[in-house]
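Okay, structure first, notes after.
We just call them A, B, C and D in the order they show up, numbering each chain from 1.
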């Protein structure tokens, strides 16, 4: 089971990465990141089967933090939307050089 | 010594007293901040209170430092390195709040919570400095990052601020995922998240070549590399620094970096010394790339905040050299460097705050033209900051000793990093191209016709500049006391990278501040 | 006193006598230099305002003052310190000469003096095993030179009082002239090569200053600079020779070197190289091929300067140097032959140019070059006495010729000055028939002309004859020179050739000198009608010294009469000079002559003398027969020369060739290749600014990547992930 | 004199005091007026605001000079070791001491510095018209830095002092310089820094190589590094290279010289004088003090020596040839410095007593002569605001005193015997000829070119026709300028005629240098063979 879960989580993680690389919408991008985090959670859980509860504690920590992150992130996206009326990242390049 | 038992209140306060004080105080201040209508007076009052809290916590941390307590193992480190790092972090916090109070007023951001956010971020940083467990590292990083993400966008009227915050947040979260994955793999390889246990298991089980561990270290390096803005994970930094309010930029450039480096060093030195050979080339490569990228692109900047952003990237490269050396000196060199860098960065940003024009308009280097003729003291202060960042002796004060220390660490390594040292100094020469450009513009260009003199320097901002200048110059003349303090801050695990376990106990045990 | 504190030990016969004062001989002119120099500066010093920047903004109201200080010597009033200078300037020379004469008398009274009298004053450059002292050496050779320098110098100083008194730069002139004499005395009295070099360069500096004395004319300033630089080429050789000596023999002191001269490998490469480099120095200072080009230009200086520096003393320093270094040259026959060849070539070559010059001073200048060639033929052939003898007689008659020419120029100048004409006061085509107006000068000039042409019993005859005779002897008798080979030619052939060239040059000398006399003093007068009224004899202060020199030119030969003559007519002591100089150059001469040389048969000697006289007379006759002073037209109406005459008048275009190749070549390479190419282009442009540009460009490139697009950042980040993980690759592999 | 000085313990305190005086002076001047007083950009000379700081600076420098002059007598010429040693721990954790001391070489350099600086203030008396306070303060700091380099007996301290000089000079060029001052100052700074930064690495390396085996603390003490640093042969080549680069830039040796013409041309008079007279000597001093003694085997290695000597000789000839075609008089003198400093390098690396002594003499002489040349250029520039040679012509008629001074200085620079210039060049060539005749031979050709470029230049300035009306009313030297030139002219003649007092003070040190380098080089080679 360990190998499968590790492989699966790696695939999930990669999908997340590809998503980040290819999508242009801030919210979708953020979702892809969440996907990556959850992939990692899966890894932790997988390893927990071998090593005991430590990994699972970590998973709870990650979930909590991810929730907080979502709150902050969405707030930031809304703040930006108020200025630019878009969340398409291609149009967001005031800052460059 | 055995680890502290955190369930015993006395030992808990011994191990986490300053952190708890800061978190508790910050929570109370948050309530107070939210209690009243937003106003400049309120913002200022909360700011003062935050500063007072910071000073108290700082005093507590320094007092702890002099208690000479130490413990090995456990999730929380109690050693001099931690308290020293705390002191540097809290100094940055104090500066940030002081500058924020003035900057909020000038930019008309009556948000009292901004100071509290700084306090929360700092408590995350203090956790990072103390973390001896990957979980604590993660917790600290996220606590710090989330607060700083919000900080970056605190000026809600600024489109640039919002854009910066978004970029920071998205890329930060993205990088965090790598960091986390790295932690998972390390956990998978060793079965523990405790740094000391990781180290002992790597040695005991001969895991130095285990793919899981090695990939895990690599991903951790990426995560930390993002936080310290090492190339090629640096791309966020210039944009975010550019968009954020100046005090926050300074905070990100100096203090966030300090905390991230403290954690990076601890993780690397305590958990992975046995894998030195595995990670050293990568860290060295990262250092080289960062030094070159930061200093080269810095040359092309005309916006001073972006210039300082690249400068900050370059400094991350210099600090990575100390890490790549993996010598007994690395830790203390890094601490000293971070202190000097904090002073110079905050000083520089304080001047930038004075020069700001508002209206979301970036401050350009050419805005400093002829500053000497209208605000000579300010120009002088900025000149000293620039020379300090350049690492120039006497006139740049502490900056030079910082660089000297890093060089010494690099060359004193069991595998002397001569190439890194040479690249360090050569890229430093390149950096002279942009630091001196600022100096040149201030002192050698005429003030453009019809340009308005910058407004009066607010008291706190001035205090930051004056304090930084004096501290930099003093440290540049009599650094010995601080060198000894920084030396005492070497962690117990560090010397194992030297493959000299016998020295471990003696260094940590006998060192006195 | 510092200078007396370190006098050499008192065992020498001259110790404790008047000779102990020999340090004062050069110091007197130095004193004169200081006084005159201060006078000169005091007179013109006018302190500027305390704040020159502020002053320069508001300066233009201040008219007058500086503008009238015309150094051209045409319209200015007499210098306000002229009186003091007239006394101090020549006075120090008179004193120096009297002192020198007193020492000479004392020395002469000693009879034989085998060891030089050396005074050490202080240590100049004591470094490690090098010890260069400031020390003067008085021996027979330096005594002779001191006498010539102070004596002729004194006369020319006196002459200058008349010649230069109206010049606004009068004290400056005497300051330079005194300084020159000081340097020349250091040169001849020095006890070691470095100190000799001090004098050697010092006279060059003074020559530079005096040639460019009227510096407002670009040509004069150019001439001074040219003289100095060309001399420096020679000095380079001198320096190398010194370095070679020190590197191989560890000393530069004459006595010490003479003591180790036993170590010299006769005819060895080292000693030959040393001698040749010394000779390179001589070609510069003494205007020999290929470095003679500066001397004719040097005539831009005041005429007494030409007489003193560029005829009588400085230019003969090379001859002195070889005589002084006879122990080196004697050991290097190839170098000796080189000296002979160069000397003979120069003598002939310069004489041909002298044939077609119109400027009276230029004729004399080429004549000087030519006569110097003779001297080198002499010293090169190991006839050190003959060379020095000719040096001395030449000093007399050439000084006389120059001063006579100076008188003529002075008078012409005065005449033009009165009428406001701007014609060339030195061009012989503008003169003619001056014997009517300047009879004394005319007579004296003829004496000098006969002397230089080699008509007995005038001085030049004896010295020139001795040189030519010795060269012939060296060839005939199988001396070391004759046995050596020069560029594959046997030494004998070279010497015979040199003898023949010497004779040819003697013929030409007689011709061009007669030409000079005919065009200047004979025939109809070609000055304008108005000018003619002002033509008159120069004042006595000028003709007085001429008379003394005339006397010396006439009887100078008595100093060293050949045995052949004294045998026939007991005129005086036989070969007095040879005996006098024997302690200094005797050994060197003996080395050159080699063992087993026989005396030349009296009959051969007689034939040589007859040939020489015949050639001199032939030259004069040809000139008188061919040249038609009456047919000359003034310079303004003259047609340019044609054919080979033109080549001669243009001095074989040597200056032009040098300029086009060496000078312009150096400038071209320096400007276009080194400065613009290497410095500005390669080092600064490509490497320095190029690397700065490259760094900036890299920065710009990097900042272009910083596009502001989050997508790009993410891609770069992931790329970084791959790179970092790749960097860990090695750790996983076994 | 000696008794009096001994009675006040002169040698014990003089070195730190020499550093202290200018530092305090700088602070006093700056606090007295800058940056508060006077409108920026105002003409401080005209308004009188400059009179106080320049007087303070002058007095400070005069005091400094008077204090330093005692060294002339108290220096013990028989003692080859360090004298006047002052040693206090500075950063003990890093094994860094504030250790000062002098030998005969640094003695002369210190005296050259203190005397030149007095004149340098006089030279800028009226030409520094803006921000006078800061200018004089910087000049004093600069002096402290330069003196510090000459005195340092700790590698770290040496480096610090080395860099300390850089900033004041950067500002002096950049803020008070000519039209292209910004470019020139930046180039100067970065060029020099590039050189010195690698030296920094080398110094750290050396300090660590000499670290205490017990405490592990590095040791930067010069003598300790000299005696105890254990360096492999390969490393010593690299380290020498680092020092070489730092010093070669400063000297400057061909091809690292291109910062010099720009810096010289743009710097104000005192800046040019300090650059030429003192700062360039720091490079050659660095070779004498650090690069060669620390790595004798490398410095005497045939290839390395061949390369350095080749560069030196190229510099000698090249500098002279390029000088020949310069239209700007200051630039001409700058390139001539390249040539002269080439002689110093030739002398040092020829490694004979004569050549080293000669090199030291050239260092002093170049300080005097080129300093004087820059003063003179500054004076005429102040009057006419042009440095182009072709803008002058025939001015000897209107400024005879200036002309006389310039002519004498020119002769000195050409190396006419009887002036100081000859003694140095003669000794260098004479000494070098013993070991490297070919190099010396080529170098000696410069006697020709030097005459050519300088005489041609002064001819076009002083002589020829006075054909430009604007030159008709140039005022001659004023009393201050004359007073400043007289010591220099006297020095030119004194050192040309009687250099023995100077030579004898440097002799022990020069001999010690040559001998120790040669014996230690042999020793090192022998060790390497074993």
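By definition in this document, contacts are C-beta pairs under 8 Å (C-beta built on N, C-alpha and C of every residue); 3 or more make two chains touch, one makes a residue touch a chain.
Keep in mind that what you see is a predicted model, and the values were worked out from it rather than measured.
Student: Decide which interface, B-D or A-B, involves more C-beta pairs in contact, and give its chain pair.
Tutor: Between the chain pairs A-B and B-D, A-B carries more contacts.
Student: Suppose every chain is reduced to the average of its Cα atoms; which one is closest to the average of all protein Cα atoms?
Tutor: Chain closest to the assembly's C-alpha mean: D.
Student: Rounded to the nearest whole Å, what is the centre-to-centre distance of chain A and chain B, using the mean of the C-alpha atoms as each centre?
Tutor: That gives a centre separation of 25 Å.
Student: Find the geometric centre of each of chain B and chain D from their Cα atoms only, then give the gap between the two centres in Å, rounded to an integer.
Tutor: Roughly 42 Å, centre to centre.
Student: With chain centres taken as the means of their Cα atoms, state the distance from chain A to chain D in Å.
Tutor: It comes to 63 Å between the two C-alpha centres.
Student: Between chain C and chain D, what is the separation of their C-alpha centroids in Å?
Tutor: 37
Student: Provide the list of chain D residues touching at least two other chains, using ranges where the numbers run on.
Tutor: Where chain D meets two or more other chains at a single residue, that happens at 190.
Student: In chain C, which residues are in touch with two or more of the other chains?
Tutor: If we look for residues of chain C contacting two or more partner chains, we find 692, 703, 706, 708, 710, 714.
Student: Among the residues of chain A, which are close enough to touch at least two other chains?
Tutor: Residues 20, 29, 92-97.
Student: Quick one: which chain pairs are touching?
Tutor: Once each pair is checked, the touching ones are A-B, A-C, B-C, B-D, C-D.
Student: Report the residues of chain B in contact with chain C in the complex, numbered from low to high.
Tutor: 166-167, 170-171, 174-175, 178, 208-209, 211, 214-215, 217-219, 221-222, 225-226, 231-233, 235-236, 238-239, 275, 277-279, 281-282, 285-286, 293, 296-301, 430, 433
Student: Give the list of chain C residues in touch with chain A in this complex.
Tutor: Result: residues 703, 706-711, 714-715, 718 of chain C touch chain A.
Student: Help me check something: in the complex, which residues belonging to chain C touch chain B?
Tutor: So the residues of chain C in touch with chain B come to 692, 695-696, 698-700, 702-703, 705-706, 708, 710, 712-714, 716-717, 719-721, 723-725, 727-728, 730-732, 734.
Student: Give every residue of chain B touching chain A within the complex, in rising order.
Tutor: Touching chain A from chain B are residues 134-135, 138-139, 142, 146, 149-150, 153, 156, 159-160, 162-167, 169-170, 173-174, 176-177, 180-181, 183-185, 187-188, 191-193, 238-240, 242-243, 300-301, 303, 306.
Student: Spell out the part of chain D that touches chain B in their complex, as residue ranges.
Tutor: So the residues of chain D touching chain B come out as 34-36, 40-41, 90-94, 156, 159-160, 163-164, 166-167, 170-171, 174-175, 181-182, 185-186, 189-190, 193-194, 197-198, 200-201, 204-205, 207-208, 218, 238.
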